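As written, the chain order gives the labels A, B, C and D, with residue 1 at the start of each chain.
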Amino acid sequence: MEMNLFRLIPEFIMLGTAFLLLILELFLPKGSRKAFGVIGILGTVSAAISLPYQDYGLALAGLFVQDQMSIYFKWLFVISSVFVLYIVMLYEDKINNWRGEFYSIIVFAISGMMMLASTNDFVSFYVSLEFVAICLYVLAAFLSDSRVTSEAGLKYLITGALASGFLIYGISFIYGATGVTGFAEVAKALQGVEPTGFVLIGIVLVVIGLTFKISSIPFHVWSPDVYQGAPTPVTALLAAASKAAGFVVILRILFGALGPMKGEWMAFVAVISGITLLFGNLAAMPQKDLKRLIGYAGIGSAGYLLMAVAAASELGAGAIMFYLLTYVFGIIGTFTAIVVFHNSEGSDLVESYAGLYKRSPLLAFSLFIGLLSIAGFPPLGGFIAKFYIFMAAIKEGLWVLAVIGALMAIVAMYYFLLVIKSMYLRQPTNPAPIPVDMTTTGLLYFVNAATILLGVYPGPVTDLVMNIAQGVF
Amino acid sequence: MDIWALLIIPLAAALIITFITRKHAELSSYVSVGAVILCFLIVLPYFLTMLGNPHMEHIEQSFLWIDIPGLMVEMGTIIDPLSLIMLFIVTFVGSLIHIYSRGYMHGDKGYARFFASLSLFIFSMLGIVLANNFIMIFVFWELVGLASYLLIGFYFEKPSAADAAKKAFLVNRIGDFGFILGIFVLYYATGTFNFVKMAHIIQAGQVDSGTLGLAALLIFCGAVGKSAQFPLHVWLPDAMEGPTPVSALIHAATMVAAGVYMLARTGFLYAAAPHEAMMVIAYIGGFTAFMAALLALGQNDIKKIIAYSTLSSLGYMVMSVGVGGTGAGMFYLMTHAFFKALLFLGAGSVIHACHTNNIWEMGKLYPKMKITGVTFILGSLAMMGIFPFSGFWSKDEILASTFFSGNYPLFAIGILTAMITAIFMTKLVTVTFFGEKRYHGHPHESPFGMTIPLMVLAVFAVFVGLAGFPGLDPNFGTFVAAVAGSTAAHAGEHGAHAEHHFSYFVAITSTIAVFIGIAIGWTIYSKKSIDNNAIAARFSGFHKALQNRLYIDHFYDRVLVAGIYNNIARVFNFIEVNIIIHFAINGIAYTTRQIGKGLRLTISGQLQHYAFAMVGGVLVLMVIYVLL
Amino acid sequence: MEGFPILSLIMLSPLAAVILLLFVDDARVALVRGIAIASTATSLALSLYLLFIYDKVKGGFQFIEKIEWVQSLGISYHLGVDGISVAMVLLTSIVIFTGVFVSWVGIKHRIREHYMFLLLLVAGVYGVFMSLDLVFFFLFYELAVIPMYPLIGIWGSANREYATMNLTLYLSLGAMIALLGLLSLYFTAGAKTGVYTFDMLQIASLSYESGYQIKVFLPLLFGFGVLVPLAPFHSWSPTGHAAAPSAVSMLHAGVLMKLGAYGILRAMWILPEGAQFWMPWVAGLSLINIFYGGMVAMSRRDMKFMIGYSSSSHMGYVLLGIATVNIIGVNGAVLLMFAHGVMTALAFSLIGFVYDQAHTRMIYDFSGLAKKVPFVAVAFAIMGFASSGLPGLANFVAELMVFIGAFKEYPVHAIIAVFGIIVTATYMLRCMRDVFFREPMEKWDDLRDASTFVERLPFVFLIAVLLIVGFYPSVLVDVINSGVVPLVNKLNAAQVG
Amino acid sequence: MLTLNHFLILSFILFSIGVAGVLLRRNIIIVLMSLELIFNSVNISLAAFAYYLQSITGTVFVVFNITVAAAEVAIGLAILVAVYRTRKTVYVEELKDMRY
């Protein structure tokens, strides 16, 4: 029963930062606006600095595990955290009260996600998951005097709780069938046995329960409303980090704990993936609000990621990890631009972006790169990611799914091109330029460069994720 | 390499005019005239040598143009009596017409363009004549089409000229459609494009006669187009929209005769082709000759009359080839080149003077234009085939070939055509140069630049027929036989005996027919003892049909062209716009968008709908799971 | 010249220009144009040089460059050209070089961005023609398609938003479907050897069972066929042409469509038996292209639509040539890809020149332009005659070879195809008659002829290419042939086996 | 004799009642209560498994689950207050500012 608490140092740093922010809320004068953000970012960076010094192994008596995959995902969360906190700094004029808390809860959520990346047991998994979820419920509803955010928060909470109910119900069956909750133990118990009814019910309910976090069929319903209604930085957090967190637990649970039963869930996940692809992409087409559009598109992306899950292979796992990295960069670039634009124009409607190329070439370019990367245009990172996912699907012979994916990729191109069309092909109604400050400019350049670099030189990251994926089963 | 110079010089002239001297009209004309005369001077020694040695060996020079496995295409020249005769005609008549054009086209805005096009034509025409293989002949075949297009459409602002140019090109294209297919058939049957090699293979009997017949007819399609045989004759009368020297050079003397030349060049094929195929060719020729003569009767435009007479002559030549008298055809080609060029240039001179094409607006021009008048009459006599003018000898050979090959119906047609030809030629001469004065203004004789070529041509039109004088040895037949010998062993069994015969029966019959024709023409148009309007009224239907070119053009324009354009093309366009684009493409896009619109309604904003969706989704997926 | 990365230089030259242009001020138009011209001229010079240093006798893939890119998946930056690619690279260089000049005349706003997208597209095209790695092949293929969206969407004419969306989605669909086929090949080949690699040479060197070949050839055929465009998946093309600015139409019809045909050739090379199975179908569909496309072109009054459908009709000849699977036909097809590319670039540059001044492209709006714009009229006539297969111009040689090749394998198809030439001549000549001949109209008195160097250069250059290849086809045919012979031999060996 | 199945059936019935409550009740407070019921039904099944498998983990899980459920409902009520402040209603069908 080794505790090995040093393996939780990154999480502790994040939690400490969060508490520090809570306390500072009481002491810092109202005038020092950016201080919270800077402290949050510094805290995250310190957590990031500790990441390379982590060694691999179990912690907290086997509830947590530190391995290559957890480190990779923690990097993802750290990156998301830094950028989301920066986006909050751009956004914070909209937050009237409890600004420090907003930062603090974001850092809490990130630390929860980092824990999720390391969970090695259904108990720790469930607790971490709910920890993240509760933070996100609060964040989604944070602007308490706004009709839409509170609505978004409540919808998120009720659907989320319902989904948790199914998930925990499913976990209880798996526990009932195996008598253990540790992922490794579950996998061992399921190795080479005929699946019993309990196991099957458990698998079905767990798979379905996991679809909430990644917003896929059938628990996708919350995402358009919440993406649209939540404060924009929270939407970014949901889209980037929360989705990644959802997939890291899918990798841990489906590939890890339920890996021996993969014959039982592959086809099932494939069906979910196919329907998710169809729904998300088709329903995204008529959307007018950019955040809502990304909400639907996020459902579509979940479909692609599930395609790789359905492939249930090392290649699939690697593809998921690569995809999420590009997705994080795409989302960050996009949402930074959305926040800057919203600050200036007060609108998220696609049509209000008309002629953006003239008003702010940089914002337009960032949205261009970000959205097209998500849509999978070459030579951007998202393209390579989608490419790997198709590879994984074809390798396992998931032809129907691959064809659906190919067709929906075209649909995705369509609705993202509509945004591009508005920005580049239309003329602005109000030609006043939109100012972008130096830091934001630098950040956008960095994100865009990262997205392009992942597309033109994917080699190192690919080698890394493929290496990590070797140990996923 | 001086043979290649024949191609390079006129091409260079065309390019020089286009790129350098375009702005200087006089200089351009000198370049062009100089080029063609230079070509003539190059040809002349060869021609004279050949006259001394009719059994000369053919000389080939070639280089590889395309060289890939399975396809070796050469560009090469062949020099033998046949090509030399044609070279002589083209460069000699060409030179005269170039000189004539300098006067005729004087002051025209497109002077330089005209001469550039003429040089291009000479280049292309020499290419046809020199070609030693099918691909090369086809290449230049198309290029003369281009030159013809440019020159017919010379006055492109005139809608009729623009239309005529297009029509000429397209109708030729239809003929070439068959031509190229024929080339393919032959290529796959023999494995070569080269005439000489192909001839050897065919003479060795390595190709079955069905293939040969097919190939012969397909290749003949090319000649039908270029030499304006029925049913593709419709472009030639319209081609008279071009300047008159062009009509003379291209649409009378040389290019239209290229079809006949090509048939002669590929004589080995026709010698070996089955009889039925040859009869098709002969009858198409005969029918064209007869029909065109009839049509000529109905015309009042001086150039159109000559144009139809050209058609008729071409029909004669083709008929001759069809019955195996290739040599006779070539002989006629040569004499025809001289007298028809003469007639056209004469007509040009008249038009130049009167500024009209309608013969009924001329009359009594002879006193005003003596040189033109005399030469024109000489040309007409040659055309009618009166002893001892050139036309007599050549026509006689054709009729003899027809007669002795046993094609009596064709012989009858030939005689009848000769008679009708005499009628309308008489009409042409009498109405234009004699009778009462109907012209306006003050016509006067053309400048020397124009009359000298007329006189030279007249000399040839009168005397060149003597080359076929049977007493002469070697006479024209010898050369052409030599031709046949060089490219083919010549004229299969059904044609061999038709050559070299002079028959008093044939000569006398045809002469009688011609004189009857002259008499009729004289009676109607000069003496007016028969009112031509009365005849027209009497046979009003027929008359109208003649005036409307037997409705063949109508049929093409209104039924075929309009049918394709209005029906097939429109139907395809309808399919494209409505079915492929609107229904399929936009339909799929629309349906997809509608599905999207429908799907997003499931996100109704109602929390309990969401819960229902979730729970329902779970249940459905469980059912799916069980089913899986 | 051992180790001199000529291929990378050709491809990177426009790409470098794109990056340079990122940092150039919009207002410095002369500099922008200068960069574009310099980069395309470099590519052109190198492509010409490539044509002459390519070893025809040796044949095969030469100038190979290979750099590992993603080791774990066997992806490498792997370039190399055979005879077919050399011709296509040269075509690309010619079209973009002239296109830059055409854009100089035609594009009046957002010039810098225009050149950036144009050059990006061209880099993609080069990449496709040179790639020996399936991933890069596909990546460049997409890269060549995507810039079309802004290029048509921003600088296009009427109906541009619809057209560009239609085009982008349609082509991407084709690309995605092809991608699935390529990926399947990767895994099948990898399973055979145990070494998973996207190396095209490696994948093509293996033999696959014929049932598999037949199955996998279909998505590749469809995917690349859409870009050709193979009837009935052609409708994006005329719509796109009609909306696109001149230089984009030039590239689109001149080069982009050839990518599709090139892709099919490469697919045939990898899957010979699959190709043998499907080629009769391709031959049949090519007739629809030829005849149907020609008929629709005939009924169109908008010149760009007419040329657009005409292009689709001409690509039918390319397909027919490819479908013959004999040396003559495939040589003809590749040469026709080249010739048609140049010819159609000329067509669109000319129509664009007139349209930019007249703001209409309707045939019936014009008459007697030859008096006003003689230079354009002559160039247009040359284009029209090239299109209708007049000897002396490159198209004739190519079409002749296609016909000879096709006549051997599919005589009936060949006959219909030859007839298609008459259809082409019909609408081309009618267009010439209506637009340039007949009486001049007063309203076009102000029309300016191409008179400056910049205006004339593209026309003269393209015509010169057509004439040079038309008069002396061996200059290209020999090189193309060195690429075609091994391809066809492989295919025919497969037929026997 | 009570077997595992009895507990599981009870758990399932309670779960279903909870789900039905979420689906059918319009008052958000009752919806939150129904969610609580769902969690508790799972607790029953976890506890039953723990008992019959003689494994302590299930019981531990139950404790965590109770905590999580409490936190979740607490947050739910807090958000509901915010909703009520902006809309003066606690009925689910009023929450439809965002849809489609």
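Going forward, contacts are C-beta pairs under 8 Å (C-beta built on N, C-alpha and C of every residue); 3 or more make two chains touch, one makes a residue touch a chain.
None of these values were measured; they are calculated from a predicted model.
A simple rule picks the central chain: find each chain's mean C-alpha point, then take the one closest to the mean of all protein C-alpha atoms, which gives C.
In terms of C-beta pairs in contact, A-D outnumbers the other of B-D and A-D. Each chain gets a centre from the mean of its Cα atoms; for subunit B and subunit D, those two points are 96 Å apart.
As a whole-number value, the distance joining the C-alpha centres of subunit A and subunit D reads 26 Å.
A separation of 37 Å divides the Cα centre of subunit B from that of subunit C.
Distance from the subunit A centre to the subunit B centre is 77 Å, each centre being the mean of its Cα atoms.
Residue positions 19, 22, 31, 95, 97-99 of subunit D are each in touch with at least two other chains.
For subunit A, the set of residues that touch two or more other chains comprises 154-155, 158, 162, 224-225. Under the contact rule stated at the top, the pairs of chains that touch are A-B, A-C, A-D, B-C, B-D.
Interface residues of subunit B facing subunit A in the complex, by the touch rule stated above, are 592-593, 595-597, 599-600, 602-603, 605, 607, 609-611, 613-618, 620-622, 624-625, 628. Residue ranges on subunit B touching subunit C, taken from their complex, read 64-71, 135, 138-140, 142-143, 146, 153, 156-159, 161-163, 165-166, 169-170, 173-174, 177, 180-181, 184, 187-188, 564-565, 568-570, 572-573, 575-576, 580-581, 584-585, 589. Those residues of subunit C that touch subunit B in the complex are listed here as 166, 170, 232, 235-236, 239, 292, 295-296, 298-300, 309, 326-328, 331, 368, 370-371, 385, 388, 390-392, 396-397, 400-401, 403-404, 407-408, 414-415, 418-419, 421-422, 425-426, 429-430, 432-433, 436-440, 472-474, 477-478, 481, 484-485. In the complex of the two chains, the subunit A residues touching subunit B come out as 154-155, 158-159, 162-163, 166, 200, 204-205, 208, 217-219, 221-222, 224-225, 267-268, 271-272, 279, 282-287, 296, 411.
Subunit C meets subunit A in the complex at residues 68-73, 75, 135, 138-139, 142-143, 146, 149-150, 153-154, 160-161, 165, 168-169, 172-173, 176-177, 179-180, 183-184, 186-187.
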